[in-house]
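Shared chain: chain A. Partners: chain B in the first complex, chain C in the second.
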Partner chain A sequence: MITLSLRGVRGGVGTSSTLAALGHALHELGQKVLLVDMCPENSLGLHFNMDLAPREGWARATLDQQPWHEQAWVVEPGLCVLPYGQLKPSEVFALDALLIEQPKLWTQRQIALAKGFDWILFDLPQRLPGHVSSPHCRISMMVINPDAACHVLLQPQLAQTPLFLVNRFDAASQLQRDLLLIWQQRYAHALVPVNLHADEAMGEALARSEPAGRYAPASLIALDIISLASWCLLRGRRPA
Partner chain B sequence: MISRWFPYSRLRREQNCTRFTAFILALIQALGWIFLRLESPRWQALREQHRRLYPHLADKPSTIGDPLRYTVQTLWLLLVRTPNQNQIGRQRFRQRTARFFTALLMIVQRPWNLLSNAFAHLPTTLSPQVTKGSHWWDNIQWPLRKGLYIAMGVLALALIVLCITEPFGFLAQLVFVVLLWMLAMLVRRMPGRFPTLLLIVLSVIVSCRYLWWRYTSTLNWNDTFDLICGLTLLVAETYTWLILLLGYVQTSWPLNRKPAQLPADTSQWPVVDLLIPTYNEELSVTRGTVYAALGIDWPKDKLRIHLLDDGNRPSFKTFAEEVGINYIARTDNRHAKAGNLNHALKLLDGDLVAIFDCDHMPARSFLQLTVGWFLRDPKLALVQTPHHFLSPDPFERNLGTFRNRPNEGELFYGLIQDGNDMWNAAFFCGSCAILRRTAIDSIGGFAVETVTEDAHTALRLHRNGWTSAYLRIPQAAGLATESLSAHIGQRIRWARGMVQIFRTDNPLLGKGLTIFQRICYTNAMMHFLVGLPRLVFLTAPLAFLFFHAYIIYAPAVMILLYVLPHMIHASLTNSRMQGAYRQTFWGEVYETVLAWYIARPTTVALFSPSRGKFNVTAKGGMMEENQFDWQTAKPYLILSVLNALGLGFAVWRLFYGPRDEIFTVIVSVLWVIYNLLIIGAAVAVAAEVRQVRNTHRVLARLPGAVKLADGHSYPCELVDYSDGGVGLQLSQALQLPVGSPVSLILQRGNREFVFTGTLTRSHERFIGLSFAQLPPEEKIAFVQCTFGRADAWLDHNSGFEADKPIQSLKEILALGIKGYYRLYEYLPAWIRVLAKPFLHIFQWLGSFLPRMPTSTPLISRPVSRS
Partner chain C sequence: MAALPTAVQISADILSRKERADDIARLKSMMELHALEYVDVSAHMELLQAFERWPLLAYLEAQYKKPVDLSKDPEQTP
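What follows is the complex of A and B.
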């Protein structure tokens, strides 16, 4: 079992959409995949035609001392989504404190899940240090967009994040080409070698409540995601 | 009822027969009904198979000749066994006989296969013993080893001399050549270079033996005319023999040099001046080269690009300023290209000078691959890379061999230069090369004395102790000559220039060269003297057929026993050495096309080397429609008429000549027919196929993506490109109107570029884009993503078929026949009008010939009833 997490360097870089598409692509490649929503926004299920913000979820269950694993949804055989559940803002902070208190909580859960899944993907929130640090992942990627804001924001992240994934790259923009060139020069070791292109299909996929690879399998973004999934498979096979 | 027995009116009405024909045919049918029981089931069954048994008569209007045709076909059907699916027994019988013959063949073939397989595996099975043996050999004291070497050399030489000079009778010669041939056939399958050397030795022995025999016992000293003809042929044969031997030395051990690594610190990389000389070429051709040169991977402050315009054209000056390169022009055009380069050198001071003709687009990796050797070897003056052509040359275009057969230049750039490199004799070819500045300065600039300044410059460099290198990696691509006449014009210039050098600065004489350098240069120059000898071969058998001159004064069988092994061994050896670069017998076609045209200039240059001027090769044009180049083809037409006349004389000699000469006549006829077909192939080249595209499409398979105006992107494959557009293959059809804007995303290394074009065609999953209005910087990027890719030309030989000498011979002969057919198609109307009656007679006579019934009956039967 391999664990992977995605986290945006800031909001709105397309983290959840990418995670949903990646989960779907890995499943297409014959893997058993579980997607875990770690964000209090509780919207990952939307990419799989589930209701917006379901009441039940692992966070709700953890706070209520209920069995957390009963909250997962089977989208297709071998592709499951575990929602976050509805929490009040104060409850979110309480859960975060709990996760900091029990750092092994998700590690134990991952061990329990190892039999059932090949991959567990975590959609991590911006802040909430307990949520961010709780799952210990083999592959941790930070999603960035090729713009000046991300360029500034990623500087302090360099020390902690091993990998950066460029999303919404538009080669027609001189600025974006230049930024990518700078990053390839400076952070060659930390940059995922697959760039995800800007593609209208990605936005339309969410509007249709589908992952991109299912909504538009012939699109460029679907091909990019398949490349990313293949890269992840190879990377995951490498000894840790 | 009457119409069935006597179908007179039906024939008149439906078949449009004349009264007489209709009457006769109807009468025959009526007689048939009266005397043969045509209504019986057996006759009915036969009538049902009419279409199958009489295929040529089924749909033909009835004519008076038909009864004869029916008779001939019926006799044929009765006498010849026809394929018939109903009779399974017969099929079985045939299968059994076929199996029997295969078994019979296997008795011979099996041991042969075992033997040849054993030979093929010999190197691997023997290698431990060989290693041990060579170890033992190395341990022997040097004086003893030297003695043994000399002894073995003397012994081998004595045996070779014996093999060459010993006169044999019919039987002894037959046994000798069969043994040598079998040895060659066995050795041929062994991998490695040593067996190649062995094949060379066999070929040299057989060829030397042939020539020895020719000199000692085939000249008729009693008849002056015979002697003159015989000696002419013998001189021509001696020339080809010499070229064969020199060629073996030159290409026996190709070096296959690899690029040398550059230091990691770019401050140690030398400063390069890249020169693009131009004279009268169009700006559109030059633009691509400049864009590609701007994309070469090299530190920006160490690469200076100069456009050397000998035409002094303002448009070129403006263009150079636009893209930011240096523009150099001069007031006079003295010494053409060499003068142009020398003038530019006075203004420049870089360490290295790279030279690209204005139609050769360099790949981005050119400098990184070539410069390493200059740093490694301080005496290195020159690194040459192949000239690769992205458009078909006239041979490829007119014969349809583009991308599936090696072209004419392939042999030189694939093998000969690599062979030269082994002997430090690779020479400069005028473009796609890089030279050391100090080396050029030390010989006083580029040589201006001859029209091929490139080879002469290289010769001078070698004489002065500089070395050269050849890197067989295509790092540039250009346009081939657009028409046969232009192609021939270019070759005439090369031929004249090389012969000029041979006369004025003979590589065999003078100091500073090694023996092998002398051989390589001599072969390169002598090679262009092929014109006269080739013409001699094309006309030699006519001396006997026309004038009864004994050009080879020996029995016909003996001639075959000597000349066939000579040709077969040369073909086998060359097929092994050059097969990947030139297929067997194609050289004959190339030489035949050029022979007439280079014969005169080379002979003139040989006697008065100072004559002749530089002519610029025209490239990259269009040919509006199919046409036949009568002007160029005239000599071949005369030669083919002469040879055809020779055939007529042969028929006359067969019937009225002396009995004992029949075999000689037959051998001569075979020679004449071979000549006719080779000339036919040359004629086929003169039938110019039209070429409508102004820009040449290069086939490719590159990943890319398209981005539509609505923001959707789709992956695609770039299947072809030119400097004005691309063809793309998508994974699904897009419904887009022609003229809509589409952006193409291409990768170069790990960078991406977007080019916005307009959709020009869309057919299912295929779309074409045109880039008419790209800004200059995007044009540079586009050339870098396509023509300038480091790997753009590496797979140019992936479509070549493997060389099979027999197959190749068949192709060339078929090409010869096609050549005459093409000639007929282009003949002036009045000749075709004159020829038409004869053709009609042939066709009419042919209509009486019986046909083989089609094997599958048209009446379909159910395949299986169960």
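What follows is the complex of A and C.
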């Protein structure tokens, strides 16, 4: 079982859409995949035609001391989504404190889930340190867009983030080509060697409640995501 | 009869992925010119042009290099 997390360097860089598409692509490649929503927005399931903000989820169950693993939804055999559940803002902070207090909580859960899945993918929130640090993942990627704001935010993250994934790359943009050149020159070791291109199909897929690969299998972004999934498979098989 | 791998082939195998993709790094390794100070002028020029085009990127590039110097000389800090 391989664990992977995606976190945006800031909000709105396309983290959840990318995670949903990657989970779908890994499943298409024959893997058993569980996607875990670690964000209080509780909306990852919308990419898989699930209800808006389901009341039940792992976070709700953890606070209520109920069995958290019973909250997962089976999208199709071998592809499951574990929602966050509905929490009040004060409860989110209480849970974050709990996750900091019990740093091995998700590690123990990951061990318990190892038999059922080949991959567990975590959609991490941008803030909330307890939520962010709780799952200890084999592959941790930070999602960035090729814009100046992300460039500013990227530098302080370099020390603690092993991998950066470029999303929404538009090769027609001079600025984006220049930023990618600078990143390739300066941070070659930390850049995932697959860039995800800007593609209308990614936005349309969510509007259809589907991951990109199912909505538009021949689109540029679906092909990018398949490349990313293949790279993850190779990387995951490498000895830790 | 199978040929034994030559020294050149072995040295190419141990290069990192980035070096394998870099023709100049590969040539330096094959010719054993490790001390050769080669500068990829075109890549360097493109980078300089990028910094000329976007002043914020040039400013940040300079900022990121500064803190090391500042910590060495406390008098420079405000």
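Just so we're on the same page, the second predicted complex is superposed on the first by the 240 of 240 C-alpha atoms of A that agree within 3 Å, B and C clash if a C-alpha of one lies under 4 Å from a C-alpha of the other, contacts with A are read in each partner's own complex, and residues count from 1 in each chain.
Heads up, the rule we're going with is that a contact is a pair of C-beta atoms (placed from the backbone, for glycine too) under 8 Å apart; a residue touches a chain by one contact, two chains touch by 3 or more.
Computed from a predicted model, the values in this text were never measured in an experiment.
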For this session: Quick one: classify A:172 as touching chain B (first), chain C (second), both or neither.
Result: first
Exercise. Who does A:151 touch here: chain B (first), chain C (second), both, or neither?
Worked result: second
Exercise. When the two structures are overlaid on chain A, which partner does A:65 contact: first (chain B), second (chain C), both, or neither?
Worked result: neither
Exercise. First (chain B), second (chain C), both or neither: which does A:220 touch?
Worked result: first
For this session: Have a look at where A:90 lands relative to chain B and chain C in the superposition and call it first, second, both or neither.
Result: neither
Problem set entry | Partner chain in contact with A:200 - chain B first, chain C second, else both or neither | first
For this session: Would you check which partner chain A:181 touches, where first means chain B only, second means chain C only, and both and neither mean what they say?
Result: both
Exercise. Hey, what residues of chain A end up touching chain B and chain C alike?
Worked result: 181
Seminar exercise, completed: So, in the complex, the side of chain A touching chain B is made of residues 169, 171-172, 177, 180-181, 184, 193, 195, 197-201, 216, 218-221, 223
For this session: Please give the residue numbers of chain B that touch chain A in the complex, ascending.
Result: 705, 707, 710-715, 731-732, 743, 745, 750-754, 756
For this session: Sort out for me which residues of chain A touch chain C in the complex.
Result: 148, 151-152, 155, 174-175, 178-179, 181-182, 185, 188-189
Exercise. Can you list the chain C residues touching chain A in their complex?
Worked result: 18, 43, 46-47, 50, 53-54, 56-57, 60-61, 64
